[in-house]
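One structure is given here, and the rest of the page talks about it.
Lettered A, B, C, D, E, F, G and H in written order, each chain numbered from 1.
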Amino acid sequence: MANHIEIDRDRCKGCGLCVASCPRQIIELGRDINAKGYHFAVQVDPSRCIACQMCAVSCPDVAITVYRGRK
Amino acid sequence: MANHIEIDRDRCKGCGLCVASCPRQIIELGRDINAKGYHFAVQVDPSRCIACQMCAVSCPDVAITVYRGRK
Amino acid sequence: MDANDTAVFTYPRSLSRTPTHYCPGCLHGVAHRLVAEAIDALGVREKTVGICPVGCSVLAYKYFDCDMIEASHGRAPAVATGVKRARPDLVCFTYQGDGDLASIGMAEIIHAANRNEPITVIFYNNAIYGMTGGQMAPTTLVGMKTSTSPTGRDPIDRGAGYPIRMVELLNTLEGPVYLARQSLLSSADIFRARRVVQRAFSLQSKGFTFVEFVGTCPTNWGMAPVEAREWAQKRMIEVFPIGVFRDREAEAAKASAAKEA
Amino acid sequence: MDANDTAVFTYPRSLSRTPTHYCPGCLHGVAHRLVAEAIDALGVREKTVGICPVGCSVLAYKYFDCDMIEASHGRAPAVATGVKRARPDLVCFTYQGDGDLASIGMAEIIHAANRNEPITVIFYNNAIYGMTGGQMAPTTLVGMKTSTSPTGRDPIDRGAGYPIRMVELLNTLEGPVYLARQSLLSSADIFRARRVVQRAFSLQSKGFTFVEFVGTCPTNWGMAPVEAREWAQKRMIEVFPIGVFRDREAEAAKASAAKEA
Amino acid sequence: MGEKILMKGSEAIAEAAVRAGCKLFFGYPITPQNEVPEYMSKRLFEVGGQFVQAESEVAASNMCYGAAAVGHRVMTSSSSPGVTLKQEGLSYCAGSELPVVVVNVMRGGPGLGGIQPAQSDYFQATRPGHGDFRYIVIAPATIQEAVDLMMDAFDLADRYRNPVMVLADGLIGQMMEPVVFREDPPKEYDKSWACTGCAGREKNIVNSLYLDPKDLEDHNFHLFRKYDEVEKNEIRVEEYLMEDAEVALAAYGTTARICKTAIGLLRAQGFKVGLVRPITLWPFPYRTFRKVADRVRFVLDVEMSMGQMIQDVRLGVVERCPVHFYGRVGGMVPAPVEIVQQVQRLLAE
Amino acid sequence: MGEKILMKGSEAIAEAAVRAGCKLFFGYPITPQNEVPEYMSKRLFEVGGQFVQAESEVAASNMCYGAAAVGHRVMTSSSSPGVTLKQEGLSYCAGSELPVVVVNVMRGGPGLGGIQPAQSDYFQATRPGHGDFRYIVIAPATIQEAVDLMMDAFDLADRYRNPVMVLADGLIGQMMEPVVFREDPPKEYDKSWACTGCAGREKNIVNSLYLDPKDLEDHNFHLFRKYDEVEKNEIRVEEYLMEDAEVALAAYGTTARICKTAIGLLRAQGFKVGLVRPITLWPFPYRTFRKVADRVRFVLDVEMSMGQMIQDVRLGVVERCPVHFYGRVGGMVPAPVEIVQQVQRLLAE
Amino acid sequence: MQYEVIIAGFGGQGVMLIGQLLANAAMLQGSKTVWMPSYGPEMRGGTANCTVVVSDEDIGSPVVPRPGAAIVMNLPSMDKFEPLVVPGGLLVVNASLVARKAERTDLDVVYVECNRLAEEQVKSPRSANMIALGAYIGKTGAATPEIVKYAMAKKMVGKERFLEANKAALDLGIRLAQGEAG
Amino acid sequence: MQYEVIIAGFGGQGVMLIGQLLANAAMLQGSKTVWMPSYGPEMRGGTANCTVVVSDEDIGSPVVPRPGAAIVMNLPSMDKFEPLVVPGGLLVVNASLVARKAERTDLDVVYVECNRLAEEQVKSPRSANMIALGAYIGKTGAATPEIVKYAMAKKMVGKERFLEANKAALDLGIRLAQGEAG
């Protein structure tokens, strides 16, 4: 499949650093809140993801896994 | 009178630093010992003294006073 | 998802799965991950002993998945000295905040560096005492308001001192093998920081290695995490410049290459 | 003697007449005298408070003829901070040995310097713990034998560290106003040192001033006083170079002169 | 008398110091007393004083040493592990006879322990450090008392030229109560011994070193003559509902308040229980306990510790009656009902 | 049994540690125990160990914490003011349950005090620091005993995972006596808790922090159950000529030896005097004193302090007989004849 | 007479503040009072609570394991403090954030949708806490509305525009508690 | 039987050493023994002294305020310790450096010109202390000459050329004390 990320919603604290770090601007803080009460991040348009890991490295809570799709 | 130094024999600890410092080499450690048991320093040839204070500044026990004679 | 997709960024083995108590957006988490990645990269998790400080990272013993020792405030380098003198075969790192390392622990860090203890020191500089609620740190910028510098850190009228640059200070010592400062303030910086931490760990057997991270404390700075990162980029980096200040091995390699040439 | 002869070198007013307990040829005595001369030169004896350390100069409170405080080991700069914060109008100096200032007191000296406390620190570096009988100091030279480095200070195989250069270390801080190192190892050096000490005291109102003296410890070095002086000249000065490392006032004066020109 | 205001314990303590004429504060952050340095960092510059966030507790106590040596009122505050680090500096203050006020807002230990209220520094407060010396130790139970005792602390320190430790706990530090500050101006004390520059007099020396053992022994004797004076003049203790009491609780600080509530509950049930509350922990009111011991069935000592003050209680009671112990530790605060049950159990035995 | 050799106390203590398998020493110079680090700086490298002259006592105690945390036998030594500075680090050792041996060669205080022998650290040895904890405290009276107790100290530390303090004084540190070292190899203890790398097991954590007060309370309870064990198993006390004694002297360490000489003189005059010498100061032999108190006319407690152990003596005796005190301080060592006169005077009263 | 109340909620909900207001009011009306925060680990986030005791007599224990009343501003606080209130005691529940009903039947329970009402009726979302405080004093009379308002005014010097909203919120809470509004 | 001796002199005179030799010898001959130095302020110079106790039984106090004997190698030591020796005790005086005679009449006093004899007779100026030690054991029998020599040999491994001189000095001291030489 294609490049994409997975965000562990329960680890996410909704800090928004991944949002600010994504060069494709395809991460947003969602409307829903997780068990800890945070608006967790979601990847809104995986198709544009380039698997650059910018989001993942900037996440203090190591909530993001990045996958590179097979061409 | 002439340049000369005075050594407070009871302050002197016979360390020899003044001896080593005098450019005219006119200070020696004497044979006698003072109250504390040290061979105190003596100026052996005041007439050659140039009142340069080399001895006095190097004395850790501030045992030396230096006089400049009137010409 | 496709089972054939390769995970190119995954959770490090040496980081435990326990969620941290850090505030949202606090870069302690990033620093932790980088350390864990370095341990993984070198494959030394099972012979690593980490030492955590007193500060927000006091609970780091929960977060690293290797043997951990909780040190008293500021004394982690002394504790690490004890560890490595007893067991030189172990890999040992300390993780310390700026209050811990640069205020109360100043003597310990300088002397461990001077003895060239073979340890890796990870120094998280957020210019404030996070854990105790935002008091002034030795690295607090001039003019920065904290709960004990309510009018802004004032070195002139209140004698509150200037931000202390630890890497530069340690760089006057003969001991250390590796001294670097890196920022955690953007993804690009973090990629660089990753290499720096790994370099530090890989040189540990040669002696004292030290990495300062310029981080943030969104909570006590009273800023949102993204804002904190930007503020730090604008204000902290000019006071705490980034770079590898010393790499004795690289210098030696260069020197011997030059000789051969 | 002739009553008309002028005494060109006399006993300083600020030094008490009590003979010291120092060993013959120990340069603590010279350092004391220089401090007393500086106090005399500035005419501040009656508003000076001196702080002595724990070390051979622990009894310095007997030797200076001004108000004196005996500090705990290494903490004289903190004590001086207390003094000057309470009474900024007083002149305050600390007198410290290398074990006191550079080992146990490392944090205190660095932070006092960084806060730019308006004090004058006189640092007597004899590369050894004199008072306790000749143990290794932070300033002990590599290879130098002491009672706790019986095979010579060995930074490589025994991790005993390298001589720490305090002036250079403090010179990385923004705070200090004046930083200098001078030798007491010859009369010419002492004449120079006299000027340096006076300069330090005269700049005290501007902030932190620091003078390191390269001295001796004939007793624990196992040398005659003259020999000790020569040895130090040969061996210590290359490790502890002489000079005025910082003089903020002179720099400022130069800068404004340059501007005017 | 001033206005009544609602204040947090830590801030009230700080303000009381300022009103007692203390213009110098040297401290290092530690929970649960951060409000003291924070308050001082604002307040002292307003009154022309100085606040220094020291590099460590060790430095802070030595800064106090310096400021006290020049004759100024000075204080520091900390919490348990930080106080341990101050012990060497404070021992110098005692040895050099310098007045310093130290606030210890205790938390649980040992080691890093926790940050919740505790009373497990009783030993290090009443039997401190190396060498023979004492702090005067006072233990407030309310914010108003903390304020009053702070102001007294400076007087005691100056009068006896000795460190005074105000032993509080996290609860006293963190809670708010209405307080009124005394308006009397700070008393003046002779400080001709201070190092203020030797203009017009012989030089002064502040020192704790006595190389000749005979001199040091004499100095120790001198200190203990002074301590005898303190013991004679300064013991403070509250006896609460002790007139008819058949059981005495022994407790200080916050724990004493909890005991009072427990006593209310017990008396409502018809049990005649009272409280002996040492206000000065050193000097300790041994005599009060001795006197009480003859009248009660037993003493129940209640502490937020594994049992520290109880040693002094026992030394006072000397088995004139049984002394029992009830302690919660590590930040656990005993509930009144626990004490009630404890008393009931002991009475039933 | 090895050869008998004449050794200085400090050096014998150091050598005993080496023979007990201690390969790590972290210390900072201070009179009168400099021979300990000096000896170790030579000796430890011979046996493949490590000696570090720490930058301070604070650092030294934390280096011990680190070495103990990885499961190695480790020691430090100092004298009174230096021990005060070690208290925070040692409190962490106790909180984290780390075995460390600490030698305190006491000198007079407070503050810088002097460098002559004293026993005025009894309080800070038996009631140390912040939080509720104890050191096991042992007090040798001869060099041979110092050697034996040093070797035991490492076993006690390992067995109970707790710091052990060897409380000596300048005399024990400086004098020479013949000693024989035991030849039995160091015992092995389970150290599976140590931080040695987590190969093949879950990670280990060495820690004294418990943020939840209930956890910290449980930890304290755990520590005190351990201390109860120590009190049950490890009390050591010498009763010297107590069978027929009408007067008991109470003293430890050097002072106890001086008392023995005094007892010889007194017995020569027909006075039936004996000695109770606590060897462990914590746990303290309260029971022995209680038992003795019923048989003697009085107890005379003799210390090189203003009276510290006497509190424990009183807690043991609980007024079953009078407890008197004779103390010299600041480095003054009582002469046997002073004690003789004291006893005679008290008997005449 | 002695009133004890535990006030609990998320960090930002202003529970500490209304506790202090209550204590201040109590002081101003001549009662004895204690405000006691729970202070958590030295780090941020999570829940916060404080205890306020108001009494005619000197107050002994500032710690009240079983208070006469609780104001719970969120679900975790409800879970934690509902069981602790003394039988017959009062429970003020912020129904905006606490979805469930009280399990105990021996309590006087007042449900107030503090957040919704603050937003909709008071037009001041941050005044939710004041509505809860109003409900508490309306029910108990631990302090009079006038004195609480006076205490508010003293505390909020410089923030007068919030003051009016807060007063309105307080009144609303009182009315709700007294069954006059909904 | 218990022997106590205080040995005192200048720093460099080797008084500590002969004390240790005596204690070593005592140990080797099976006696109990204690050697105790006086350690001065943490600094150099001045006088030094040590106490040695040799006994058949366990030794109590290592501090002996009034010893059975004293060896005084210089005048300050003579001044200090002459008054302290018990009546009937022994005083060994280094007459080379102590110009005066003992004031007490209740002591057994032996004057030995240790420095002169060491230089002139033993041809080893540094052996003056051994002459004094010889005089002491010659008088008291606290240790036998053979054992002291054996202790010397053990202590001076590597310095054999001094050993012979020291032995000779010891013997000389013994003979002098026993009145056989002078």
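The rule we apply is simple: a contact is a pair of C-beta atoms (placed from the backbone, for glycine too) under 8 Å apart; a residue touches a chain by one contact, two chains touch by 3 or more.
All values reported here derive from a predicted model rather than from experimental measurement.
When C-beta pairs in contact are tallied for every pair of chains, the largest tally goes to E-F. Greatest centre-to-centre distance from subunit C is found for H, with centres as Cα means.
For the pair subunit E and subunit H, the distance between C-alpha centroids works out to 56 Å.
Distance between chain centres (mean CA atoms), subunit A to subunit D: 59 Å. Annotation: 39 Å between the Cα-based centres of subunit D and subunit F. Multi-chain contact residues of subunit C (touching two or more other chains) are listed as 22-23, 58, 70, 72, 85, 103-104, 106-107, 110-111, 115, 131-133, 138, 159-160. Each of residues 31, 50, 52, 55-56, 58, 81, 88, 92, 96, 111-112, 115-116, 207-209, 211 in subunit F touches at least two other chains. Looking at subunit H, one finds that residues 41-42 touch two or more other chains. Looking at the complex, you find that subunit F touches subunit E at residues 58, 80-81, 83-85, 87-88, 91-96, 106, 108-116, 118, 120-121, 123-124, 127-133, 207-221, 223-224, 305-306, 308, 311, 314-315, 318-319, 328-332. Remark: subunit H residues 20, 23-24, 27, 32-37, 39, 41-42, 58-63, 65 touch subunit F in the complex. Residues 23-24, 26, 50, 52, 54-56, 58-60, 62-72, 74, 88-89, 92, 96, 195-200, 203-209, 211 of subunit E are the ones touching subunit D in the complex. Interface residues of subunit D, counted against subunit E in their complex, comprise 45-49, 51, 58-59, 61, 64-72, 75, 78-83, 85-87, 90, 107-108, 110-111, 115.
On subunit A, the positions that touch subunit C within their shared complex are 1, 4, 6, 10-11, 13-17, 19-21, 38, 51, 53-62, 64-70.
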